Every structure is written in C-alpha cells, then in structure tokens.
Amino acid sequence: MLTIENLAVAYKGIMALRGVSLSVAKGEIFTLIGPNGAGKSTMLNAASGIVPAMSGRILFDGEPIQGRAAHLIARAGLIQVPEGRRVISPLTVAENLALGREAAGRRGSEASDIDEVYELFPILAERRNQLSGQLSGGQQQMLAIGRALMGKPRILLLDEPSLGLAPVIVREVFDALIRLNRGGLTILLVEQNAKLALQTAHNAAVIEQGRIVHQGAASDLIDDPVVADHYFGRAEVMA
Amino acid sequence: FAETATIGVMNAMTGPYAFGGVPIQNAMKLAIEQANASGALGDLKLEVVEGDTAGDKGQTITLVSKFAQSDNALMIIGPTTSIEGTAGAPVANELKVPIMAIGSSTGILDAGPYSFKVQAVGSDIMGALSDYVANNMGAKKISIVFDRGNDGFVGQKDAFKKKIEEAGVEIVSEEGILATDTDFLALATKLASQEIDAFFVAAPAEVGANFLLQTRQAGVPMDIRFVGPSTFATPAFVDTAQGAAEGSIVLADYFMGSPDEANQAFVKAYQDKYGSQPDNWAAMGYALASLAVEAIKDAGPNPDREKVKDALSNLKDEPTIIGNHTWSMDEGRNPHYGAAILLVKDGAFELAPQ
Amino acid sequence: MLMQQLLNGVVVGSVYGLFALGFTLIFGVNHIMNMAHGAVFMWGAFAGLYAVILFDVPFPIALLIGAVGGGMVSVVLDWVAFRPLRKRGAPEFSSIVSSIGASLIMLSLAQQLTATRVMRFPFDIFPIVVFNFMGLRIQLLQLIIVGIVFLMVIGLLYYLYRTKYGRHIRSVAFSEQTSKLLGINPFAVNFQLFFLSGALAGIAGVLIGIVFNSVHFMMGEPLLLRAFVVIILGGLGSIPGALIAGLLIGIIQTLTVAYISAGMADALVFSLLFLVLLVRPTGLLGNSGAVARVTRI
Amino acid sequence: MKALVLEDLARNFGGLPAVDGIRLEAPAGRITGLIGPNGAGKTTVVNMITGLLKVTRGRIKFGDDDVTEADATQLARIGIARTFQNIRLISDATVLENVVAGFHRHETTGTFANLFGLPSAQRERRALEDKAMILLEQFGMTGLARHPAGGLSYGHQRRIEMMRALAMDPALLLLDEPVAGMNDSEAHSLADIFRNVARRGVAILLIEHNMRFVMSLCDHIYVLASGRLIAEGTPDAVGRDPRVIEAYLGA
Amino acid sequence: MMSFFHSYTPLFELALFNTLLAFSQYVVLRAGVFSLGTAAFAAIGAYVAAIVVTTYGLPFWIGIVLAIAIGAMVGALVAIPLARLRGVFQALATLALVQIVLSITLNWVDVTNGALGINSIPKTVGLVGLLIAVAIVTYFMAAIGSSSIGRAFDVIREDETVAVSLGISVVKHHFIAFVLSGAIAGLAGALHSYNSYSITPNEYGFNMLVIVLAMVVLGGRVSIWGPIVGAVILTVLPELLRGFQEYRTVVQGALLMASIIYLPRGVADTLIGAYRRRRIAEETSRMRETVTA
C-alpha cells in the first residue's frame, strides 16, 4: 500500500535519510524502530509530503506521491499523527476533532463519528470544550490520535504514539490500534517502546543513521539478539 | 566651440511634497533650455544635473554635496521645501557653492552668503491679504486652519495671524491639521457652529479644497468666505472644490491669467512641453531659474561660483513672471515682488474688486 | 453641537473600525503587522474611483469593485510578500520589512499613476441628501456607511466562528504544517483570509474616498497609525473589539477637535493608549490569552 | 543539603481541582518518583514548585525555607532546576549555547564588567563553555555542540533540556518525563548520570511514564490520580498496589 | 577619488547616524523587548543637544553628555511601566511614546520652535566624530553581546518561561535594554543635531521608526553586524538607485522585499548562519568518515 524506494532526504546539507526502501502491505502493521536521530520522523514526514525528498520514490497505492502537496496526500487517506502532539492550542478539543474531519474530504461522506473517538478516550469527551493547549501532555497525545482517526485514514502513520502516555493508556491505544487494524486499517508505526511495537506489528525495520539495517517479520526481529541488545535488552537488566 | 557650466537642479520629485517638486523641476528645466536656445548666455551652455530629494533632509544634504563636489556645479537651484532648504543651505555655504532655493523660511538665508531664495517671507505678502480681509471685506471675526506639519504653512499662518490681529480682527480659533488628513468632519462642524465672517486656511491646494468642501457640507454658508495664501492660486483648487470655492479670496504671488507678455509666453511654453497648465509651483520654479540664468549672465563671461554668488547678491528690480512682475531683494537678501488678490468667480480666478 | 459632533464621531469611528478590521484579521491570525494595509486600502479606493471615472458605474458597483480590487491586491500582496516568507519558516519580524517594501512599491506606483494629484469621486456618485433631524444634519451617505460597517462586522463574526472556514483559518494560523497533515489547504485558507482583509480595506477606501472627497496615494498612512491604536484597545484579533475601539477613538478624536484643538487629537489618543496599556496591559477589551500568543513575536 | 517538602498543596483551574491537597517529600541525595495517569496533575505540581503557577492552597518548603510565595527567578537562583515536558529550547542557538544558558545563576562577573567587556567577563565565558563541554561529553553529544538545537531529533532535544538543568548545578532537580521518546537502552544510559547526580546530594523528583526507568531508579514513589495522592512507597510496593495497577499501570 | 569621497561624506555621516539608531533598536529587540521608542529617544537627545547649544550657549560636549544621560533616564522611566507589557502591546505603547514626543516637539513652540524646528545649530560633529561614536557603541554592543547580559537577552527573547526557570531576571534585563536603547538613541540624536545644522520634529516620527526597525530586521537581529549592515544598506540604497529616477522607490521596495525573502533572518544573520552550517556539515562528514574508517 505504501512503498518507499531508495528515499534520500537532506536538511540544508545534512543527510537524514540515505537511500531507504521499505514496503507496507495493505492491512498490516509495520513498525520502524531506531535510535534518536536515526531519521524515523523524517521518513514519515517525507511520506506525508511536508519534507521534500531529495531522491527516490514514494508510492501510495501504486501512485507516486512525492512532490504532491501535503494536504492532498492527507486527503488521499495517508494521515499522520505527528511527533510531540501538535494539537491546535487555541482551538477546543471538539474543534480539533472537527478539523480532523477535513482530511476525509471527498472520501468522507460517512466520516468517522466523533463518538467513536470519545469512546476510545473518554477524557476527551469530558474536556470537549476546553482549549486543547490547556490539556495535560498525555491528553494532548490522545487528542492527536483521535483527530487523525476522524479523517478516516486508509493508512495511519504514527510517530511515537506512546509518548507521554500512562502505561494503562498505552495499552489501550495499542489495543485500539490492533482493533482498527483488524478492521482493515493499515498502520505504519514509529515507536521507541521497541518491544511493545514489535509485539504489535507484523513486519518491522530497524533504521540507524539514515539507513535500514534490519528488516523482516516482527517476530523474527524480537528474537534477534542484536536488536534486543540495542533496543530493549539492557532494559531487562535494568528492571 | 562652446563652454559649458553645470547647474544642479534638485527638488522633491517623489514623496509627500512631489506635488510641488515635480512642476518646479519641470519649469526650471524649461527656463534653462530656453536660456540655452536663445543664446542669452553667449557661448556658454548650461548643462543640467538632476536630483530627487524625496522631501528628505538627508538626501538633500547628500545631493548638495554631490552636485558641488562630484559634478562641480556652478550653482544649485532648488530644493522645494524650507525643511530641505534649511538643511541643504549650510552645506552649500560650507562648500562655497551658490544655492537658490524655493522655500519661504529665512533659515535658508541665515546659513551664509551663498544661499538665496526666491519666495518672499510670509509676512511680506500676507500684509496685502490681511489688509483686504480686514478692510475691503470688513471681516471682524475669523478662524484659522493650517497644516502644522509643514513649516512653510506654519510660517504663512504666523505672518497672516500677526497682520490680521494688528488690523483689529478677532481670531476665534486656530487649528492645526496635517496634509495627510482627509477627515475634516469634526473641524467643519466646529466652524459651522462659530460666528465668523471668514476663515483662513494655509495648506496644500487639494487639502484646503477638500476642507472647504466639507465645511460647506457641514453647513458653513457661502457668505462665510474662504481666504487662502498663494498655494490656492491654482486651477487644482477650483477643480477640486468646484462650487464650494465660489467667492474665495486667494492671495497670488503668481496669477496665470496675467496678460504680461513674459507670463503668457511661459504659460504657452509650459503647456506645449508638459501638456498641463502651470501652477503656482511651476511659476516659482521658472522665476527662480530665470533669475539664476540672469545672475550667471551677469557673472560672465567666465563665471565661477564666487562671481555667480556676487551676481546673485546684486540682483535688483529684475523682471519676473510672479507677483507684480518685478523681483528685488532687501539688504537681508529677502525677496520682494508684491502680490495680487484674486477672487474665485464662476469657477475661475479674477482680480478681486478693490 | 455636541450631538452633531458625536454623530460625526460615530461615522468616522465606524470607518476606522472597518479599516482596522482587515488589519486585525491578518494580525490576529497570522501575526503579521501588515504595514502595507494602508496601501491596500488606497488601491481599493482607486479601483472604485477608476471604475466610476472610466465606466461611470453607480455607487453600489463602485463599492463592489473597491472590495474586489482591495481583495485582489491583498491576495497578491500575500503571494509576493508573505507567502515566500512562510515557506521559509522566516521569523515573524521579517514580514514587517517585507510589507514595508511592498508598501513602498504600491505607494509609488499610485503616485506615478496619479502624478501625485489628489483625485476625487464625481460629485454625482452619491446624491447629497441631508436630513435635518432635531437640529442635526445627517447625511444619507453617513447613515449608509454606519449600516455597512455594522453588517460587515456581523457577517465576519459569523464567518469566523460559525463556519468551518473560520476553524480552518485559526488552525492554519497556529500551525501551517500540522494543518496540512490534517488535509487543510493552507493556500486556499490564506487566499480567503487576505481577500477578506483586502476587501474590507477596499470598501473602507471607497467609502472614505466618497465621504471625504479625496482619493490620493498617501490616504492610507494616517489610518494605519490609527488602526494600531484600534486593534490594541479593542483586543488583538477581536472583531467586535475593533469596531468598538474604532468608534471610541472616532468619538474621542472628534470631541477633542471640537472642544480642545485639532492639533491635540493625535496626542490625546496616543496618551490615552499609553495610559490604558499601563492599567490594562492587554488593552481595554483584550484577554490575557492573547498576550501569551503574542509574546514570542 | 536541602529536601523538598510539599504540604497540602492544591491548585484549581477554574472549577477544576488539578492538584487537590498533596503531601510529598523529596529528600536530598535521593531520587523520588512521581507517577500517575495523564492529567493527574504532575506537571502542575512542578509548575507550582518552580513558581510558574501560583498555588491555590498549601505550602512548599525547600530546606528550612518556605518558598510558597517566591517567584520563579528567585527559586531558580536558590538552586531549583527543571526540565520541560514540552521541550523548550532556543532553537536558533547552538546546543552549546543552550547549555551555557543554564550556568546563569553561577555567573559572578558584575554588570559593569559585562557592559565594558572587561577581561574577567571574557574569561568567564570561556570557562563556562569548557564546563558545558564536559556535560556534553557525559551525554554523548560532543559532536553536536555547534548544531542549532532546533534541527535535532526529539531525543537529542530532550538531552539538551537535561544538560541545561544540570548546568544550574541544582540542589533540587525536577525532571518532567526526561526520557520520553527514548528507547530503553538510551534511557538506561541516562540513568547512571542521574544516579551520580543524586549521589552528590541533590534531591531529584522524577516524573516519567517509562515504568522500567522509574522502577529501576527511584527510592520512593508517589502516585497521583485526579490531583490526589493514591499511593506511595517503594517501587515494589507501589507496583503491587491494586489501586495503582487499576488507575495507572493496567493489568 | 578624493572628490568622490568628499562628495559622499554626508552620506557616510548619515549611514553612521543610522547605525547608531539601529543599535538602539537592536539592543531592545535582542532582549525580546519590542520597543519602537528609538525615534522618541533620538528626538529627545536631538532637542536637548540643540537647546543646550543654541539657547544656553554651552559647549557641545555638554550637550552630548546631557543627551545620553537624559536618553538613558527616559529609557529607565518608561522601562518601569512597560515592564508589564509584552510583544505588540509594548510596541504600541512605545509607538504612542513616539507620537507623544512628536506632539510635544510640534506644540511646545516656546522651547522647540514647533514645526519650524531649531535652525542654525553650529556644526561641531563631523565624520570623524561620528566614526568614533559608532566605534565606541559597537565595542559596547560586542562586549555586551558576548557577556552574561547578552546570553540572558537571548534566552529572554526566545522564551521567558525558560529564562525565569534558569534564574534570569526578566525585569532587570529589560531595564538594562531600555536604558541602553535610550542612551544610544540620545547620543545619536545629539550627534545628528550637531552634524546637520537644523532639526525638525517630523524627522523623528513614524517614518524614522519604520526605517530604523527595517534596518535591524533587514540586517539581522542577533549578531552585532546586523544593525551595521542594515543601516548601511538602507542609507546607501536610495542613492545607488538614483538612476531609476521616478521608479527609484519601486526598485527600492522590490529590493527590500527580495532581500528579506531570500535572507529572512536578515542579511548578516543569514550569512553567518550559512557559514556556520557549512562548517558543521564539513565537521559532520569528517566525523562520519572517522566512524566508518
């Protein structure tokens, strides 16, 4: 559904991605893990069209989308939950969710119901008229996820969705992601909680310094001693 | 083989004073062209370097210094406003290059012996106007409105005020406006509520015309007359104010309708060249440049700055198109040329009945 | 005279409000101090004026053409002066310089075009109908101006707070990038915003041009200065605030001219602004939330 | 060495009691945990301690001083440092410059010397940069010293937050989700740094949702929910508390 | 060559005067104070200096010292009430200050001679004097910029919350910024009066405020080169464009826009930034190489 071929991205002369290729199949959860500064967010942003690709191709449903305006990509159904929340602070919770609907655009005659989101995150229903900038960090994260769901994505790109969420909520969010995935939603997940991500995903890739260093079935990677050592192995020792 | 001498010509060609600077510059160039063509200067040809002061002090100073030093100008004519003039004159004196400016402020002359100006100080000609208002019109109470952002108009206002008070007329109110204002509702209503016989306005022609229109709309009757200094002696005033201008009394240091031969020739030449009628500003520029040419001629055959300065100081009883057609200076280098009082009647200026 | 002057104050004040509305719209949304708003206003007035001079159109059409003209000028201004800066993620300050540059261009083109003349609408563009009502002289045109201004304010409020376009405008204002991720087209949103702002200025331009008998290239400058005062007193980005503050300033200025002296009007208004800010750091009608939003200019 | 003590601390937003009378103690030389569901009021507590929010009720004591009414600048000057949950850096400035800013309270050159650019001011600047480089080395960011902070990845920006707070050489360090956005091994490499800081006698209050990190680092943990304290104790005890499991950890 | 230099002396002088004004504006902007008061402070300095010499016949250096002192004092006085304001509110309050000072100079005719301004001020300051003044102020700016005060300014400008959390006193530093701004503008005003023979109120109005702000933003708000570069560009540009005649202003506006669009952080800051980035890129690639090796 989403294919990235030989993608390279540079910021003012600094190479962030140096030719990565990966492919997310329809209906799967694909996870991307890697250390800080590896280029994970850059990859999602390139797919969403807010960071220009220097070379390579990005195909969505077989159609090349690099160079296309970001809002059109979102309207085509590729929706991102950006890193670090980014709620529209001066708008209320309900208004933020309503904004999420715009992405559904022409596709959205039966755009996702706000009630589904409220069911997933009841606190948002309670705070529907609060300015979103006043929410706690975790509440903002919930709002960001909920807002993306309002756009009826065909593929959902999540950049560290567990960021700042309480463990119990993290579990709920991941359960919800699995539910949505079973309902047919394709998901590309960037996550620092590598173990949880690999447990959730079907396929996975590890990215380091702008290059993909491992790729394969998530269950294989979880058992790979190098990956374990780099991304959660020491944590076992720590706990 | 013809020698040439360079004349620096500078005016506010852009910016808020361009309404005056442009016609002045046009007329100055016309006068110099005519001098070259007529051979009045013998073998000497005048070459013009032009500059735009943009109505700005800093740019004026830069230009004076550039004309004097880079272009080696024999003399400088312009700039337009007193603000520019008082800034440029000291530099010209320092560099010992004669400069003849338009402005009415005596600050230009105070800068030193190299600076001259063509316009009379306000008090000199305002006497005629105040006299007319107090005696011929028999006004007892008047109000004054002036452009407080321009020292030229402030000077005219001060001069008129002094003279009219001396003539025993009561001043009911005195109000400052700005040339960029367009909203005179409040002031017009205020005038409408006053018991006055006339009101004096010192401002650019269109601004004054607009003010006049708004006073009439606010209910100031036609028999309360508009009185203005020479800026209003231009067709633009009547064109803008139309019917509201009827009966206005305007002082003119230049009257386009004057049958004087030199004046008629000027009007025709200006119209042929620039496609519009000359106004008060154009006349000032033409008069100034003609005087400069005269001085250069007097300084001949090999004029230098020193000689031109002396010749300028000696100008006396020169024929001119402005005022009563004779231009002189007193010992303080203050010009005198008399003035006419005009009346707007049927949409045109005519000499006011005495 | 007091009643008459109050009436004058309302007329002038509602025009200040109309002018300031377009200014505060862009300021409140994009944090751009649009120093070229006065020039947009002037071009709007010229659009209306030339339509009348060249095609002899009636008053309502002139108003419409002024609105469209101002709107288009404003949109082009955005494309040329502000959009490139947004694309580069430039600091908000740079838009001030950019708009100063744009303003220089627009003013000087108008100056060339009109040869610095002061122009005016033909006398017959709007019949001078004067009602005498309890000793007051009320012109029909003045009534219409006040009416138009109030209608515009109500319409604008509805548009910004009751339609999805308003939500989009506020979203794009906060973060263009996040809005794009949500499928909102910032290009279209900014088009609307600048068109609206310019159209308001254009309408104000035509109205002022007619009622004050003069259209010239510097006509926007004094209004720009006053618009600053209006938006501060009225609260940043607040639409009813702009109208109320506009009226307030119009009335204060008028009364100052009437009872003190014309030269003191500006001094008084600015002293008042200074004092108000000392007592209420966010303006008369401003809320403190606005401060948080603007501290990082 | 000073300890932080909160007594019956409360804060309302409009009608909402975001923090509703909590008691807490963060002793010197120890790492104290503060956990709880999203919106429990943790960040609000930090904002009150650092003087960015006025308290509605209760007292804040630091050592022997009551600092409830002190303003933010004073509090920073007596050695209370923090990191921000929503990263706040000077994005245009370099990493080094961001860290050097943290030394402000230790700068000794007077206004006069600064205004006139006396050599003492120059010497101090160089000395601070050297000290900052030592911090950068600890966090493995030497190579990024001259990068503008705004262009760094999320995880690296978090590290700058921490270095800047440490540069203050605080007596009390408040960490609001310091390792958010880092994987476990990255978090682990930071754990040692904080242990060492605590060992020097600094009181640390740690807010974090990464339970493995919290559990391995804290001596004592407070659990907040809806603005109230629902549990406290050793990591083990808290981790087993059924109320904590229900409200926060999940089954 | 010499005559070329001579004929442009006034232009150099103007550029130096503008540089001083730009520094006055720069110092407040750097501290995150959006003050537009420079024009007001400069007006006060200019009038104090002019009156000291013309009315009281005192030597010009007394005028300069007084202008600096009074400028600084007025800066300090407004700093106190304005400390509570932020952003545009601060900008507008200081704009009001400019308008109020302008009204005073226009209306207090007995002292200021109203719209006519003060004329025949003896010229006592020339190119050399201005150069010395600019050199001294530049030195101060550089010293402050790299000192603790400059660092505090930078943090306050970017994020006041962070600043107070680091123990930086916003009030104190805003005060310092206002006083410096007032003193520098006061000096600039005084030098201008002693350099240009005459002063008039309208020189110190909205136009000056706009152009001075433009200088700093165009030049750059962070490095001390910014105000210098901006002042020189905006002073020299109108002269360079004389060839365009009546389209001069159009070209000037277009250049202004083009330069800010292509160098959005200001000419100096953008260039310095680009240079730094290149160095970093080189460093990084060197590091990468050593890693792979």
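As written, the chains take the letters A, B, C, D and E, and residue 1 is the first residue of each chain.
Convention: contacts are C-beta pairs under 8 Å (C-beta built on N, C-alpha and C of every residue); 3 or more make two chains touch, one makes a residue touch a chain.
Predicted model only: the values in this text are computed from it and were never measured.
Visitor: State which chains count as neighbours of chain B and simultaneously of chain E.
Guide: C
Visitor: State the smallest step count from chain A to chain B, taking one step as a move to a touching chain.
Guide: Graph distance in the chain contact network comes out at 2.
Visitor: Have a look and report which chain pair racks up the highest count of C-beta pairs in contact.
Guide: C-E
Visitor: Counting only C-alpha atoms to place each centre, which chain is farthest from chain A?
Guide: B
Visitor: Using C-alpha centres only, name the chain that sits farthest from chain C.
Guide: D
Visitor: Just give me the whole-number Å value for how far the CA centre of chain B lies from that of chain D.
Guide: Between these chains, centre-to-centre, one finds 73 Å.
Visitor: Take the average of all CA coordinates in chain B, do the same for chain C, and state the distance between these two points in whole angstrom.
Guide: 36
Visitor: If you average the CA atoms of chain C and of chain D, how many Å lie between those two points?
Guide: Roughly 47 Å separates the two chain centres.
Visitor: Could you give the separation in Å between the centres of chain C and chain E, each centre being the mean of its C-alpha atoms?
Guide: So the centre of chain C lies 30 Å away from the centre of chain E.
Visitor: Residues of chain D that touch two or more other chains: which are they?
Guide: Touching at least two other chains: none.
Visitor: Where in chain A do residues touch at least two different other chains?
Guide: 12, 14 - these are the residues of chain A that touch more than one other chain.
Visitor: Scan chain B for residues touching two or more other chains and write them down.
Guide: Each of 14, 148, 176 in chain B touches at least two other chains.
Visitor: Write out all the pairs of touching chains, ordered by chain label.
Guide: A-C, A-D, A-E, B-C, B-E, C-E, D-E
Visitor: Along chain E, where are the residues that touch chain D in the complex?
Guide: It comes out as residues 139-140, 142-144, 146-149, 151-152, 154-155, 158-159, 161-162, 164-170, 176, 222, 265, 273, 276, 279-280, 283-284, 287.
Visitor: If we count contacts the way the header does, which residues on chain C are in touch with chain B in the complex?
Guide: 1, 4-5, 8-9, 11-12, 108, 111, 115-118, 120, 123, 128, 137, 139, 208, 212-214, 216, 218-219, 221-222, 253-255, 257-258, 261-263
Visitor: Where on chain B does chain C make contact in their complex?
Guide: Spelled out, the residues of chain B in touch with chain C are 14, 16, 18-19, 22, 145, 148, 173-178, 180-187, 189-190, 193, 206-207, 209-210, 213-214, 217-219, 236, 240, 242.
Visitor: Quick one: which bits of chain C touch chain A in the complex? Just the residue numbers, please.
Guide: Chain C residues touching chain A: 164, 167-168, 170-171, 173-175, 177-187, 289, 293.
Visitor: For chain D, which residues are in contact with chain A within the complex?
Guide: 13, 36-40, 43, 85-87, 151-156, 177, 180-188, 191, 209, 211-213, 215-216, 247-250
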